[in-house]
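Paired with subunit B in one complex and with subunit C in the other, subunit A is shared by the two complexes that follow.
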Partner chain A sequence: MEQKQYPVSIDLGIPESAAAPEPPPSGPWVWMRTNLFSSPFNSVLSVVTVALLAAVVHGVIGWAIDEGRLWRAVGQNSRLLMVQAYPVEHFWRVWVSVGSVAVLAGLSFAYFRVGSKIAWRDLSRISMAFGAVLSLVSLSTMFHFLAADRTPRLTILALVVGLILIFVPRMYTARLGDAAKEPTIPTMGLVALGLLVLIGLIWIAQAPVPGVSEEGFNIDVWEPIATSTKLPWTVVILSGIAAFGIGTVLRDRVEGLRQVLISAWVLSAPIIYMILFRGPDIDWPEVLTLDLPVWLGFSVLGGLFLRWAADDKSGELGRFLSGAIFVVGLASLLFIDTLMLFKVSTIALGTFGMLAPTFGGSPAARRQFLIGWASSMLVIVVIFRMADSASALGFRGSNFLGGLALTFALAIFGIALSFPLGVVLALGRTSTMPILRTVCTFYIELVRSVPLITWLFASANLFQLFIPGGLEVDNVVRAIGAITLFSAAYLAENVRGGLQSIGKGQYEAADALGMSVVQKTSFIILPQALKAVIPALVGQVISLFKDTSLVAIIGLFDLLLIAKNVIPGQSQFLGSFMEAIVAVAVIYWVFTFAFSRASLRLEKRLGLGTR
Partner chain B sequence: MASVIERQPRPPLWRDVRVLKWVVQFVILGGVIALIVGLIVTAQNNVAAQSQTISFDFLSRPIGITLSEGFNTLPDSAIQALGVGMVNMFRLMWTGILAATVLGTIIGVARLSSNWIVNKTATGYIELIRNIPLLVQIIFWQVAIRLLGEATAEKAIGVPFGDETLLFFSAKGFAFPWMNPTTTRWQWAGFMVGGLIATYFVYKWRIRVQESGRGEAHVGLWVTAAIIVSAIIGWWAHPLMGFVGVIFGALESLAANIPTILLQLILAGVSILLGYLVIRQRLNTLRTPSGYGKFSDDDWYRIIMAGLVGLLGAVFFLLVPQVSEIILGRADLFGKSVGAERIFNEIAVRFSFSATEAPFDPNLPRIAEGRFTNYDPEFGKVVSIGFAAMWLGLVIYTAAFIGEAVRAGVLAVAKGQTEAGLAIGLRRSQLLRMIVLPQAFRVVLPPIGNQYLNLAKNTSLAIAVGYSDLVQVGGTVYNQTGQTLVVFLIWMGFYSLVSLTLSSGVNYWNNKLKLVER
Partner chain C sequence: MPGDKDIIVCQGVKKWFGDFQALHGVDLSVKEQEVVVIIGPSGSGKSTFIRCINRLEVHQEGTIQVDGIELTNDLRNIEAIRSEVGMVFQSFNLFPHLTVLDNITLGPIWVRKHSRTEAEEIGRRLLDRVGIPEQADKYPGQLSGGQQQRVAIARALAMEPKVMLFDEPTSALDPEMVKEVLDTMKELASSGMTMLVVTHEMGFAREVADRVLFFDYGSLVEEGTPEHFFTTPQHDRTKLFLSQIL
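Now for the complex of A and B:
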């Protein structure tokens, strides 16, 4: 069929010159008149605010660069702030853990297409803002330096960089001219560039370290950063960038990368735990004679049973047998004397059997279900092997853990453990079963009405009262327990909000399709409910991260306690309270701010909150 | 064609949802009860193994604690020490809530300002403050205050006022002018209650004037004036309130003569009545024009539970006369008489026609130069480092969140309201005050209520800076007595009560302000 041809342009009879309207007046003066001095009141307000801000910023900078400040206290204690007393000879474990997270993050960023493209015009605006802040700060610094008769060394450089950041992008934009042909730049490329600059900086930068002068006094000597610090960081950053590149190449060519990535993230937690905390002395012959057969046996035989139970033909008998296996597993906990691995595996088999008809309906779903079973068994076997092997590290307890590492350990384990519990509590609170609902409501309200610090005190001082004598539970583990139980109640309330936002029609449609309660909840209700409350859940995660600072009160050496009690007590940094606490505040701020920005992006990407 | 729908045969028991549901619930209930019993048994064994006992008796025994501050820094018993802690917590809470609301509203409005620099400053404040843990901020303020000069006339920062000093800032905390209350303050407060009632009538009257449209009513001005006038009159006229003392004296002798069994019967009756009211309300909601509908499991559960709780309460009051005796003041609670007799007596002695002293004694802060430099506690109001650090931390932190809530509330007010306000010629400030904020208040109340709750719970961080709140005092008490569990139960009960009170107050206002929709 032949397409009709239309004329490309239509002459409307308007002369060329009249087509383009007069552009609105622009420029800095117009901008200032509309945004700062629109009315007499606004003018006064602007002047007062600017004066106030200038005074505060100038004062803070003056304080920060005063010769009496002991910022070295922070720099030389950075290892303490990061990992506290982690033994130096085992640092490779930390680096391996950080590196594997960097690689996983690189791959995931590439696969999930994190980051977008930024227009040149926006980039130049950001650069100008940074440049303006940098120039103002360096001007203020220069003023302070000159007032104190000190030579402004780096400030001039900073001022020059600031001016370049302001004017060079602006000139380039002016030269580009036509807005339509503006180039766009991928943000991840900018991030990579920033990281490469960072690597360059740590190779050329120098830091003060304690040394002895020729006369025998203790002074600070400027030395390059130790190779044991800069080499691992370089490797970690480069492997993260490389992983991003590889992920970009692979994401459209390899199928099933999504499953691989998700399972890698799930498995990374126990593996990092193993590397960092245990370094188990694995008895390989026993792995071959016990673990491998158990895993293969349960996976294959259990898999055959599950395949049968998932089938329509098995009917009541399948459910009954699965229930029986589950009950036998539970009973074996109390009455049968055998390896714990067998008991837990039996309970898992019973649970999977009871869920089989729900999740193994179609052939494709059945395949996934069986793969899920085999990998769950793998996780169980690995965890038992790890727990059973003696640690090769020779740490006692977990008191070696502290600083930022402790904060992250508390936050990650707290979130990972409290999330499932919170979902279960929310389902219980919204269920139609009165007794279950009462129990869940009572738990949630009780936990929420009492502050976290009292629960932490309970975990520290009250816990041993309620466990059989002789059993000792580690401090950190107890704190994680308290944080988990506390945070679960808050998460439950967030999830409940999501559950209540699901329309009645969804429930009725699921009922009309003949879905069971479990199917309805896990395939229809929960996915929608959880998606609806992602912003609230991320908010909860952020507040949990901030709340980990409370463990300082029960005497765990997290960032805060180190800053408050350890650093100001060191003889060479006596009284450096303010420096240490400001440094800790900055560390917390960077992470929390990054989380909240990421959550905003996620919200936008999911299209939440827009109508 | 069959005209009657055939009843489906019931499924077998193990597939019947109704049966399964209850089986599951009783299994869960059994599990929970087993867990609790197991914990209690273990706790008893552990305590017995250390040859201790868990009991509340220690609360009334003397205890050697010195508190850093409070209405009684040398409490004679553990329960009194905990009481001081509770009062200290309340002081922090209510002053904090007040200040955080004011600051938060300013921040929220500034965040929406069309003035670029004001807007960005408010945004910067929020992003800076809410991303740093509260505890870090509190410690920061503590450290900052400690860096101020010593509390001597030369080193402390002072704001002069004639020959004296108006304000002091030093490493010992802050001090500012205060009206120190004297013994007749209760009489004055009683007078003010009367004054506030009178103010309410003034308010009603001005509202009537406003609604009649006869010119400007100046409601706010009139109400403020009424309060100030009654406060000033009360300064001299407070002895008139002596009649309250006479009334409560009579009530005291009444409470002393009433038989215990009467109160027991009344309490039992109230308990049954409450159960009955709950059941009746439930039944009323189920009533349809054609009789009662089908009762769900849930309805039965609620009806049975309400009846059961009401009856058990009645039996409890009848079988345990101690409760009624405590309420009447015939028996002691933790070695203290807290009953009606004592309360009426306490009120009666505070009101008398012959007490004519001024209710407050205004004075300026002073520094007491002695062996240890510090403020003179007799003059002005002294704010300790602990209180100041906690207060600054709580107010600045909570204000950031309140600011965000206020901003969301203002944005939720329909744009047409603003445009209509501008169209009838209101100024920006009038628009904000008369049109936008009252409507935003409705949206803002629930999230702000949540922030109040958070602030109340966050007062428990006071232990980090050594301010004697309930948690700090409780920690000291259990370190001395070893009664961890009892102290923990007191914490739980107290914070639950505070949370419940605050949230029900917010809910009450929320329901009152809700748009009435037809």
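Now for the complex of A and C:
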């Protein structure tokens, strides 16, 4: 393409000096004048708000460091808050679960290139903000200590650290000059550094524990925190970091890592559930004689069928046979007396067969599709084997696990299960098929019109009436089910909002290319619809995370219930409500804040393709 | 020059939107390699008509055949015809969440079932042809209107269509970008593509069209060569329309 040539200089009659560039006025004073003191009203507002804020923070700190506070009610009950009454000799189950999630997360973060780079200038700003907060808090603490005639020991250290955080990065940034604006520091490196510091802290830091002096007086003895957990935590964190490193090395060298990771995540859910709650007594001979042949048979023979069905030559016959297999599978649920495993696998084969022409296009796509089929079969077989095996634990795991572990189990399973269900419901509600649309609408409206607490109550007390006798479904599973079904309805409405934001032109463009409905939905419509509603989806995730505290009503000991009812009932902490509640609030805040920051990053990262 | 074989044959096509009749029985046949320009006042049914040809609108009476396949409710026929017929829209309708190259390769990969490498080769060749090879990895939102419309043309061409439909391709463009799109279309016409173009660009019609159709009130009022059309129009409504826009 040829470019138009314009005259290089145009005389507009502006004197040379007037056009000379001048840097705009800047600096802290200019900022304060334009933002805090721009008008008399604004100035008054600024001063009053800052004074109010300072008074509140000072008051809260005074309360927190008061000698009457029993913070050790939290420290000594940390095991209770984390896992409630889970038996100590079975703690390895918890650690194995946490560790495998850490390893998977490390690998996935590396593979999906989570995290970006940050500039020194931005890092120094963050550091300044942290330093300012830390200094102010330690100053306030110091005042309180001096007023109460106590020695401000740690506060001086904190103040020094705060001041270092304010000034050192700033000085370094100034020395770098313009280079400081270049984003060069990998954020995941910072995260790893933070985790290493955390490891160091749990090995070094000490906290006061009530003890007896040599003279027999009750005094505080300083002991290392996290005595029994510091080794496992170190192993977990280090293996997570190591997994990130391994993932970084592997991600460009190994093909199909994506499928492996996704199926590992999917598989990890039932496996972790079984490790924590059942410790299944697996019948290995049966695994070899039943599961392995079933998996191999369905993967290989089914794979051959799918490969044939994906081919253009099989055409309508492929779709017809897949549909027939699907119907036979459904019918077998009611009419044929055989293993459930066969029935479900047949239904899955039919479903995959119907999808085959859509996704089995090019050889590469077909290979991925077949790998997807084999791993789905693996998931099905593993889930059935685990559900079939008797529990080898001498206790009902779900009655003993509580606290933060339970909160997490409910939240993670709830989110992971309700998300796909919500998307399907939203697609159903917006579909043109009247029966499907009516059913989905009815479900969504019914679920949303009743409070979650009612659904939880129903799942705990009414559910048993509707299932055949003898079959017993775990309390935790029922709670997860109720949370999932409830949250899916809300997610569906959020996703529907996203679907409605997609213009008619997008559908028409996909139609004009000859794409099928499934292709259009999965490549064009859903990616845009979900991206449009990320804030709402994250809001739903956050509220689900907090709503898990409602399981207290069906006798599960979640984090909040322990803080509210259990700790204040212990003889040495009788009646001390606030400490544990505040600690729980901080825990909730840390995770929900992390969610919302992560969602902001996600939005930014996906925001490239917006109009 | 047009060939001998009819590639699009429409007979008595009628279309209603609710009670409003948009098409009053349109008969038209288009030969291979023919460039047909459709003009007419807004609301005359010209866009509706070409959108019927790839079934973005459903006609209620009459028959439409594309390359020997009749458009019925049979999904297989619809998908087959759509993959033979490329379409370029007034408002581009690029997929904003995909890069330019991904926009182009999506159809070849998933509908034509090419491998990714083949599809990307096709995509880059077409971007080269429409004159913007350097934009392959950008997102549509980062491109000017004219560039976006050229990507849309490349996206339609990537399906190797037998017919291209253009629905007012330059109406949403800033004046200085109209030319680059028209140039691309001229190049396409001279390469022997069968084209149906709804447009208000009379210069393009005069220069490129083999045949010009005039639509009004949902029917085909007059048709002829550009020469006949712009010098000796027969129908009063055609004369009135031309006098208003020329």
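The rule we apply is simple: the second predicted complex is superposed on the first by the 489 of 611 C-alpha atoms of A that agree within 3 Å, B and C clash if a C-alpha of one lies under 4 Å from a C-alpha of the other, contacts with A are read in each partner's own complex, and residues count from 1 in each chain.
Criterion: contacts are C-beta pairs under 8 Å (C-beta built on N, C-alpha and C of every residue); 3 or more make two chains touch, one makes a residue touch a chain.
Keep in mind the model is a prediction, meaning the values are calculated, not measured.
In the superposition on chain A, A:P285 contacts neither subunit B nor subunit C. When the two structures are aligned on the shared chain, A:G68 is found in touch with neither subunit B nor subunit C. In the superposed pair of complexes, A:G514 makes contact with subunit C only, with no contact to subunit B. Contact with subunit B, but none with subunit C, is seen for A:S46 once the two complexes are overlaid on the shared chain. For subunit A, the partner with contacts to more residues, out of subunit B and subunit C, is B.
In the superposition on chain A, A:T454 makes contact with subunit B only, while subunit C stays out of contact range.
Applying the stated contact rule after C-alpha superposition, one finds that A:F466 touches subunit B and leaves subunit C untouched.
Of the two partner chains placed around the shared chain by superposition, neither subunit B nor subunit C is touched by A:P25.
By the touch criterion defined above, A:P363 reaches subunit C but does not reach subunit B. In the superposition on the C-alpha atoms of chain A, the part of subunit A touched by subunit B in one complex and by subunit C in the other spans residues 316.
Contact residues of subunit B toward subunit A in the complex are 14-15, 17, 21, 24-26, 28-29, 32, 39, 42-43, 45-47, 49, 113-118, 121, 127-128, 131-137, 139-140, 143-144, 146-147, 296-298, 301-302, 457-458, 460-461, 463-464, 471, 475, 478, 484-485, 488, 491-492, 495-496, 499-500.
Listed in rising order, the residues of subunit A touching subunit C in the complex are 1, 312, 316, 358, 361-365, 503, 505-506, 508-516, 519, 523-524, 527-528, 531, 606, 608-611. Listed in rising order, the residues of subunit C touching subunit A in the complex are 54-56, 76, 79-80, 82-83, 85-87, 89, 91, 93-99, 106-107, 109-111, 113-116, 131, 139-141, 155-156, 159, 180.
Residues 35-36, 38, 42, 45-46, 49-50, 53, 316, 432-436, 439, 446, 448-454, 457-458, 461-462, 464-469, 517, 546-547, 549-550, 552-553, 560, 563-564, 577-578, 581-582, 584-585, 588-589, 592-593, 596 of subunit A are the ones touching subunit B in the complex.
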